[in-house]
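The following block contains the structure, expressed as structure tokens.
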Amino acid sequence: MQTHKAKRVAIIIEQVMQSRLTDAMERAGVTGWTVLPVLGGSGDSGTWSREGQVSRGTGMVQVLCVIKPERLDGLLDAAFAVVERHIGIVTVSDCEVLRAERF
Amino acid sequence: MDQILSLAATNLLSPIILSFALGVAASLARSDLNIPEAVAKGMSIYLLFAIGFKGGVSVADHGIDGTLAASLLAGIVLSAALPIVAFGLLQVMGNLSRLDAAAVAAHYGSISIVTFVAATSVLNSSGIASEGYMVAVAAAMEAPAILSALWLISRGGDSRRMDPELLREIMLNGSIVLLVGSFFIGWITGTEGLAKIEAFIVSPFQGVLCLFLLDMGLVAGRGLRGGSGVLKPGVLTFGVVMPLVGATFGCIAGLLLGVSTGGVALFMVLSASASYIAVPAAMRVALPEANPSIYLTLSLGVTFPFNLTLGIPIYIAVASALTGG
Amino acid sequence: MDQILSLAATNLLSPIILSFALGVAASLARSDLNIPEAVAKGMSIYLLFAIGFKGGVSVADHGIDGTLAASLLAGIVLSAALPIVAFGLLQVMGNLSRLDAAAVAAHYGSISIVTFVAATSVLNSSGIASEGYMVAVAAAMEAPAILSALWLISRGGDSRRMDPELLREIMLNGSIVLLVGSFFIGWITGTEGLAKIEAFIVSPFQGVLCLFLLDMGLVAGRGLRGGSGVLKPGVLTFGVVMPLVGATFGCIAGLLLGVSTGGVALFMVLSASASYIAVPAAMRVALPEANPSIYLTLSLGVTFPFNLTLGIPIYIAVASALTGG
Amino acid sequence: MDQILSLAATNLLSPIILSFALGVAASLARSDLNIPEAVAKGMSIYLLFAIGFKGGVSVADHGIDGTLAASLLAGIVLSAALPIVAFGLLQVMGNLSRLDAAAVAAHYGSISIVTFVAATSVLNSSGIASEGYMVAVAAAMEAPAILSALWLISRGGDSRRMDPELLREIMLNGSIVLLVGSFFIGWITGTEGLAKIEAFIVSPFQGVLCLFLLDMGLVAGRGLRGGSGVLKPGVLTFGVVMPLVGATFGCIAGLLLGVSTGGVALFMVLSASASYIAVPAAMRVALPEANPSIYLTLSLGVTFPFNLTLGIPIYIAVASALTGG
Amino acid sequence: MQTHKAKRVAIIIEQVMQSRLTDAMERAGVTGWTVLPVLGGSGDSGTWSREGQVSRGTGMVQVLCVIKPERLDGLLDAAFAVVERHIGIVTVSDCEVLRAERF
Amino acid sequence: MQTHKAKRVAIIIEQVMQSRLTDAMERAGVTGWTVLPVLGGSGDSGTWSREGQVSRGTGMVQVLCVIKPERLDGLLDAAFAVVERHIGIVTVSDCEVLRAERF
């Protein structure tokens, strides 16, 4: 099966920042992404969990973006501008993708 | 004093307070009891819809007296002014950073709708009337505090851009929209509309409130377990003193406006209560460096239980005494 | 005409329509108000169970008159025939691709159970009786339209394999199973069974419907915001014309069958309404190349609100006029 | 015998049993009907809260007679002893590994709260009274069986560390905490408290139970589809025989204690029923090598339906006959 | 800690296609996978979100499969046959896995 | 954009074991992780799904941990001690991460 090299960027970020992040990505010309739910976590700012949460102030989500390697820097710049002052974590890894025409 | 004690006793032994206590106890004991996020949100939507609708119907019923506009304005002024009071108090009592102090202050200017709902329950069962439009006042008090807090920060040299996107988010926050929207629906459809959905929004209301408070107890207990380390005694004291200070301001506003006994009590409750939904979300966007453990623990773990158990009876008793109601 | 206007006015100012309007307004204003998916699904399960059960009880009560089988058959024929009408109309009015046209057509042959529920509410409060088995007719009309649409496509040379797996999925779709199942439970247990669970499925029904329509409004508004770009004026017009065309067919069927005034009105409503649950899912499997924005926006953003606000009063008024009811 | 048949017939044609049957049928037919996890959990929280609260109110009403403590003790002994009986029976009937047999045994010592709830419904509609504190007995019977099963394993040479963390988890399991907590809330607030939330926890109870049993049916059916392969005939028979054996022990305990007819019936139901919430979770932690398909299919797919349909009428009839009630 | 080379295949696909995909995987001899929920996303066919969704027609899920490298091609062929005409995205990346005997 | 090499550890494990796993991670000095929900899956022990689940006995979650390469072994040892007797799957992959100071 023919595959194509790509980068997989996973951004774990507060839910309140999600639309700001995806707006910034769109402005940077990135149009494909997927949002995954996050149940809880732990980090420098302590432990949290989604159980019983009524506030939307404290939850997080993971935004996943598969992108052509040459467009990675544009995406990271855009993402960084949003996450800069905020908690969260941005990882990049290599992957292969089927159907390059679709992304 | 007698009335306070008897009200407090009745209040403390009501199913809703005991449900809250059960929640706190369960999470302090690290039981795995928990209510799914979707169910908790569903209940909060139900409560907002019901309380807004009933407020609107009551306005449709009794008409608006002249104080509606004045009350809304008073609510906005209170919400905008109380953060400044809170900020000043925090300078004296705690040694929080400017950022943390401003974030906490924003919460105390804004309101907790569940505290409001619990207070109206107590008023109802005590047979004390209140203005239906107090729901609209509650909605009006949600947001201004946030702007005050951001102004406090920007005055300190830290120029925060209050981006229009954030302003829109604050104003069109889901709970404000639902509360105001259902208020208007209730107003438009009146008692005839209420008759159609009474079996849904009136009869089971207290029971849903029990389960919702059970969940609030679980969340508050979890917050206390995790956040108790971050709160210095001075800040903890603030969590009990500030509601009383806020209630005093609310009381003066209510008396000046000449609203009913229940109306004065609710002004006190709104001013005394601290937000834990709309404001934390706004703070995460606007002041991400402020520590959420501090303001969430204070608001949800200290002030909310205080108001729920002791505050509400005190405010009602004081309002009754001062209005001769 | 007068009756239409008065019915329309009552309808437009009912809590359920206003809740829908609130949802549309909130999402057009980009408020973050939202109802969790699990809660929305929970409410839809509640509504299906309640409406099916009550239909069954009503059949147990009044017995089946001879028209039950004929009505079911009429429903199946309508559901299978309307997509062909819709497809023809789309050739004239819009310039959609064959695939998109067929997918849209499938939606209009099938039905919207919430529109049905809203119509029965209006009938109830207007005191117009209808056959309890109309619920079973509704269930019977869900699926045939999908087969028609796939036949339309295969006729065009595009040989789609209608795999047996898909056929099973369509026939045993959750909403059909729940509707038919609870219909039989209601039929078997009768008024005695109803008495046991009346406080759950009858009294709070209107209230749950309000919150459900609030959510439908949010989803419809979101669809309109996102999908408005894809709809050409011709297609938009189709979203209002097709319900009227469908209602005409439904009306003729109802009159030929000799059902009650309410029955005729419900035949019109079912024929006029468009699916947004079962059919979209089937289309994603069978015609993945068809653009979901087109059919979802049309069905949920145009036809559903039209039927809910203006359509239902029109259909009831016409049915009343023609049956002398 | 006559009474058993008539009770069984009424029971089998009640909305709750038919809802369960609908769920089983839908999932055996592989319909995609499903109830979101959050909604299922929400309903189970509602049922636990309501049943606990009502039990507490009934104790507040009638006072505690001397048998409360003895009943609790009897429950604990039954829960601890029944796994040993079940383990012995499994050695004879099935050829499960020691681990699997111990895990299954733990389930049959513990209880199914929904079976308990269904039985109280049948008792209520048959006008047979029972002790309110039976809810507390149910809670007391949840955990001891787990310890017994672990003891059975450790006796076999396999030294399992019963870590204190696991013990805490078992004792403070969410359903125990909620049941006991709401029992105390009901006890403290009494009929006055009940009056406030009656429209929530009493009137809609049967209806919620229907939807919950619909979901149980879906889950049981899914389990049967997946797990039917793993169950040998001997083990399947155990799933029907063990409830009858357990009920016999429960019956003896109830008669010795001298509780009411309803009380004896409920002792039988509790002893006959098998856990599918608390125990599976504990087994996954303590005996991860035991095969969950075996114990879940047995408990949820065989014993639960058996008790729900035939068991409950049998137990009630036997209790009535023996107590002359 | 001893680890083994493996491939991690992540397939984001419409929920209605999930059982068809996993059936195809089973037919290809793949018996281990995990399904993760997806909250929303954006791509050529626009933006969608799970909020308030009552239709099961429009949601997506992510199917995750860790597999021995030599079996990758069989899996990709099976998956491709299902996703071919459908929207969605298939990525493959390298990973190490503990306890090779378990997968 | 400056990135740093890191390891991405994904542990799919039963929900009842989640707190034991994160406690073990904390004892091993790992303080950052994220918990993601899992809808269902299939493996040697059969197929399961979260639909209608009322028991917390049978669900799974995914614990995600981004960690400095030199600390990987400590994490894996801690994780292994917990998952050893339990079902579940542990994968490790390479990634790059923004803002090394944050993790």
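Think of it as A, B, C, D, E and F in the order they're written, each chain with its own count starting at 1.
Here, a contact is a pair of C-beta atoms (placed from the backbone, for glycine too) under 8 Å apart; a residue touches a chain by one contact, two chains touch by 3 or more.
No experiment lies behind these values; they were computed from the predicted model shown.
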Minimum number of chain-to-chain contact steps, chain A to chain B: 1
Those chains which touch chain E and also touch chain A: F
Size of the rotation, in steps of 5 degrees, that lays the CA trace of chain A over chain F: 120
Numbering shared by both copies at the chain F-chain E contact, with half separating same from different: different
Of B-D and C-E, pair with higher C-beta contact tally: B-D
Rounded Å distance, chain C centre to chain F centre (Cα mean): 45
Centroid distance [mean C-alpha coordinates] between chain F and chain D, Å: 34
Chain C and chain D, separation of their C-alpha mean positions in angstrom: 41
Multi-chain contact sites of chain E, meaning residues that touch two or more partners: 36-37, 49, 56, 87, 93-94
Touching two or more other chains - residue numbers and ranges from chain B: 32, 34-39, 41-42, 174, 199, 203-204
Complete list of chain pairs which touch one another: A-B, A-E, A-F, B-C, B-D, C-D, C-E, D-F, E-F
Contacting residues of chain D [partner chain C, same complex]: 13-15, 18-19, 22, 25-26, 29-39, 42, 125, 199, 203-208, 210-211, 214
Chain A - residues contacting chain B, complex: 14, 16-17, 20, 45-47, 49-58, 85-87
Chain A partner contacts - residues on chain B that touch it in the complex: 34-37, 40-41, 44, 165, 174, 215-216, 218-219, 222, 226-227, 276-277, 279-285, 288-289, 291-293, 296
Residues of chain B defined as touching chain C within the complex: 36-39, 41-42, 45-46, 49, 53, 168-169, 172-174, 177-178, 181-182, 184-185, 188-189, 193, 196-197, 199-201, 203-204
Touch list for chain E against partner chain F, complex: 1, 3, 6, 8, 22, 26, 31-37, 61, 66, 93-99, 102-103
